[in-house]
Each structure stands twice: as C-alpha cells, then as structure tokens.
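Just passing along the structure, written as structure tokens.
In order of appearance the chains are A, B, C, D, E and F, and numbering begins at 1 in each one.
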Amino acid sequence: EEGQKSESWLPSLQTETPKEGFELALKLSRMGVKSTQPDKDVLFRERAEYSQDGEALIHASEVVAIHFQTVAAANNYWK
Amino acid sequence: EEGQKSESWLPSLQTETPKEGFELALKLSRMGVKSTQPDKDVLFRERAEYSQDGEALIHASEVVAIHFQTVAAANNYWK
Amino acid sequence: EEGQKSESWLPSLQTETPKEGFELALKLSRMGVKSTQPDKDVLFRERAEYSQDGEALIHASEVVAIHFQTVAAANNYWK
Amino acid sequence: EEGQKSESWLPSLQTETPKEGFELALKLSRMGVKSTQPDKDVLFRERAEYSQDGEALIHASEVVAIHFQTVAAANNYWK
Amino acid sequence: EEGQKSESWLPSLQTETPKEGFELALKLSRMGVKSTQPDKDVLFRERAEYSQDGEALIHASEVVAIHFQTVAAANNYWK
Amino acid sequence: EEGQKSESWLPSLQTETPKEGFELALKLSRMGVKSTQPDKDVLFRERAEYSQDGEALIHASEVVAIHFQTVAAANNYWK
C-alpha cells in the first residue's frame, strides 16, 4: 500500500490496479455493515439469509458500486 | 480537527486519514437519522430492530458510502 | 446568507459552516417531500409513521446524504 | 429561459436561482415518471396513492435530490 | 448523432440538446433492464405491471436521473 | 484492452466506445453480486427469480447506471 500509515484497516484509497480498487470497495461496503452491527453472530446469520436473496444481492452490489466510484476517482481511474 | 470552529458536532470535513474520514461518514449518516427522529427511545428501539435485518444493514451501509464519497472528495482522497 | 435574493426558501447554496450545510441539506430533503405532497395533515400523519420506522429513517438519511454532497461541493467543502 | 431552443419542455439546464433549479429538478423527476407511464389516468391514480405514503414520498424526494445535484452542477452552484 | 461509429445502439453520449440527453438517459435505463432480461415477453409482462405501480415508477425515474447526470456531464451541461 | 495487466477480469476501465463501457458496467455490477455470493447454483436460482420481477430489474439497472457513470468519467465520456 502506498505510504502505510499507523491506521489499521484503511491506510489509503490508493491501489495498484482497478481489480484491487474493486476489492477495496467490497471491504468498505462490508465495514459499513460491520460498523452498524459489530456482532459477528448476527452478521453471520444475516449474511446467510441475504446472500440467498436476489434483491438483497443487487442492493449489496449497489453499495459496492458507490464505493468503487469513490475509489476509482481517488486513483484517477488508474490511467 | 483542522481549524476548530464554534460549531458543535461538525466543525470541518477535513480528516487526517481515510479511516477517520470513514468514521465521519458514519457520524453524518447517524446525524441524518437523528435529525429526522430526535427521540432517543425510538432510535434505540429501531436500532435494535434494523441492526438485526440484513437488508436494513445494507441500506445503512449505502448511506455511509454516499457520505464517504463526499468526505473523500473533501480531503482530495488523502493523496 | 450571501447575496440575499428575492427568493423565499432557497436564496443560495452557500453556507458559513459544514453544520449549516447539513441543515440546508435537511431543508432541501424536506422540500422534496413537501413539493410532492403539500397537504400539511398528510405530511404530519406520515411523518408520525415513518419516523417510527428504522428503514424509513435510513432512507430519509440517504436523501440528506445526496443533498449534503451537493451543498458540500457548492461550498468547496468549506476549505 | 436562457437561449430558448426549439425544444419543448427542456430547452436548457440553466436557471437564474437555486429555487428555480429545484423546480427544474422536480420537473425532471416527474418527466422521468411520465416517460415511463404516459397514461394520465394511471399517473393520477398512482399519485393519489403514493402521495399518501411516507416512504414513497421519501423515495420521490431522493429522485429530486439526484436531479438537483445535476442542475446545481450545471449552474456552477449559482455562485 | 455526432461521429456515428460502427456501434449499434450507443455510438456516443453527445446530444444536441438537454431534451435529447434526457431521451438518451431513458434509453440507457431501458438497456440496463434489457441486458439483464432479454426476453421480450417477460419485459412486456413486467412493464405492464410496474408501470401501474407508483413506487416502481419513482424507482424507474431514479435510474433515469442517474443516467441523466452522466449524460449532462458528458455534454458539459449543454452550456 | 489498453495496457493488459496481470489482472484477470478487470485489467482497465478504459474502453474504445460507450457501448463497450456499458458492457463493462454490466460486468462490474455482476461482479458485485458474485463477490457477495460466489455459489453459482444460488446465483442461477436467484437470477431466474429476480429477472422475472419488474422492480428487481429496475434495481439491477440502477446498479449498472452507477457503474456506467464511473466508467464514462474514466473514459472522459469518449469525447
């Protein structure tokens, strides 16, 4: 990671490639859920449920799309 | 915080790191809920409910994603 | 407000501080509802209902987040 | 309207004031509905219904917020 | 269309006027649906249903708003 | 693809034409679903269901619209 800071899970928005950028967007989306519900058992139970539901999967993809838009701009679209 | 103003909860959008930026996005999302429903008991009751619901947690993560996009742009992506 | 115009509720997008910017975003969100449903009684009845519902409160916070993104950009993030 | 073109309902995105910009955002949102469902009777019947429903009103306000973000950028935030 | 390329339905994002830009946004929204569900009969059946439902019409207008934001930026807001 | 990197499915955001950009947006949307639910059988079953549901199809189109906004900006709107 470019300029590793003392931070734990989010030292920087910079990534080498678009694929890494997409993975960071996934991580940001999941942290948004974890920050609202830190209880692992609840997360595990709910994940088992919404990952079986088409509309919930589309909604999860929407959150990734918003974060990916941020990360892509942060990396000047890896031009 | 950079240039602490007389304001209470939102003196600035500037943060030192992306992680602090994410925390500010969480705070902005919660203030959006609190400003619409200031009653603590209602918030507590509803939080207990939606934090158990996968789709509601995804929706909460979506609001954080929109605010994080704003805070990241405000900090020029911490480049 | 900067350059008070003849307009009533929205003379300008400029605000002194991020906190005032957030309040303007709340006002814009509410005007979006009022413009669609001007009837005060209906608004009052519906507000009583959705302000008790976690998911509706998250959805309201999402609208504020979109308007806040606009107001923050309009104020160059109060840098 | 600035530079009235042969177009009917959308000659330009430029408006004098933020308030007019908000009204244009409302118009764009409604045209989005009308373009999908041109039948006036259906629109009238559905409007009567969703304008009584808190969550639907929040969703309508969200569409206005997205269009207002576009119109505000188009007018350089009326600076 | 400006600079007609060998492409079929989407040669360019450039349009002469905001009204044509809005029509392109409608086309992009519909292609998003068609790309997910190419079966014309299903589309026809579902269109008949959601075009009678207020909230679905608002949701459709939201997708048009996002695409219109893209097309408006692509045309520098037809200034 | 411009500058083929070692990456597998997402070497770059650059595309020759808007149509290819739209196809990349579709691919990004589907990867958002697959990353949340990698099980092919579940995806197949859920796709069969949501692709028959008008509102789910609109929601899918919304995710494509957000990714298309990112890809269009990444390609400077193919001007």
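For this structure, a couple of remarks:
One rule holds for everything that comes next: contacts are C-beta pairs under 8 Å (C-beta built on N, C-alpha and C of every residue); 3 or more make two chains touch, one makes a residue touch a chain.
Predicted model only: the values in this text are computed from it and were never measured.
The set of chains touching subunit A and also touching subunit E is given as F. Using CA-based centroids throughout, the chain positioned farthest away from subunit A is D. Summary of the copy comparison: rotating subunit A onto subunit B for the best CA superposition needs 60 degrees, to the nearest 5. Look at the contact of subunit E with subunit F and you find different residues on each copy: under half of the numbers used there are shared.
Per-chain CA centroids place subunit C at a distance of 32 Å from subunit F. Mean C-alpha position of subunit D lies 16 Å from that of subunit E.
The geometric centre of subunit B is 28 Å away from that of subunit F, both derived from CA atoms. In subunit E, the residues that touch at least two other chains are 53, 55, 59-60, 62, 66, 69, 73. Because contacts link each chain to exactly two others and close back on themselves, their graph is best described as a ring. From subunit B, with the walk directed at subunit C, the chains encountered around the ring are B, C, D, E, F, A.
Subunit E makes touch with subunit D in their complex at residues 17-19, 22, 26, 51-55, 57-62, 64-66, 68-69, 72-73, 77-79. By the touch criterion given at the top, residues 5, 7-14, 28-33, 35-37, 42, 46-47, 49-50, 53, 55-56, 59-60, 62-63, 66-67, 69-70, 73-74 of subunit C touch subunit D in their complex.
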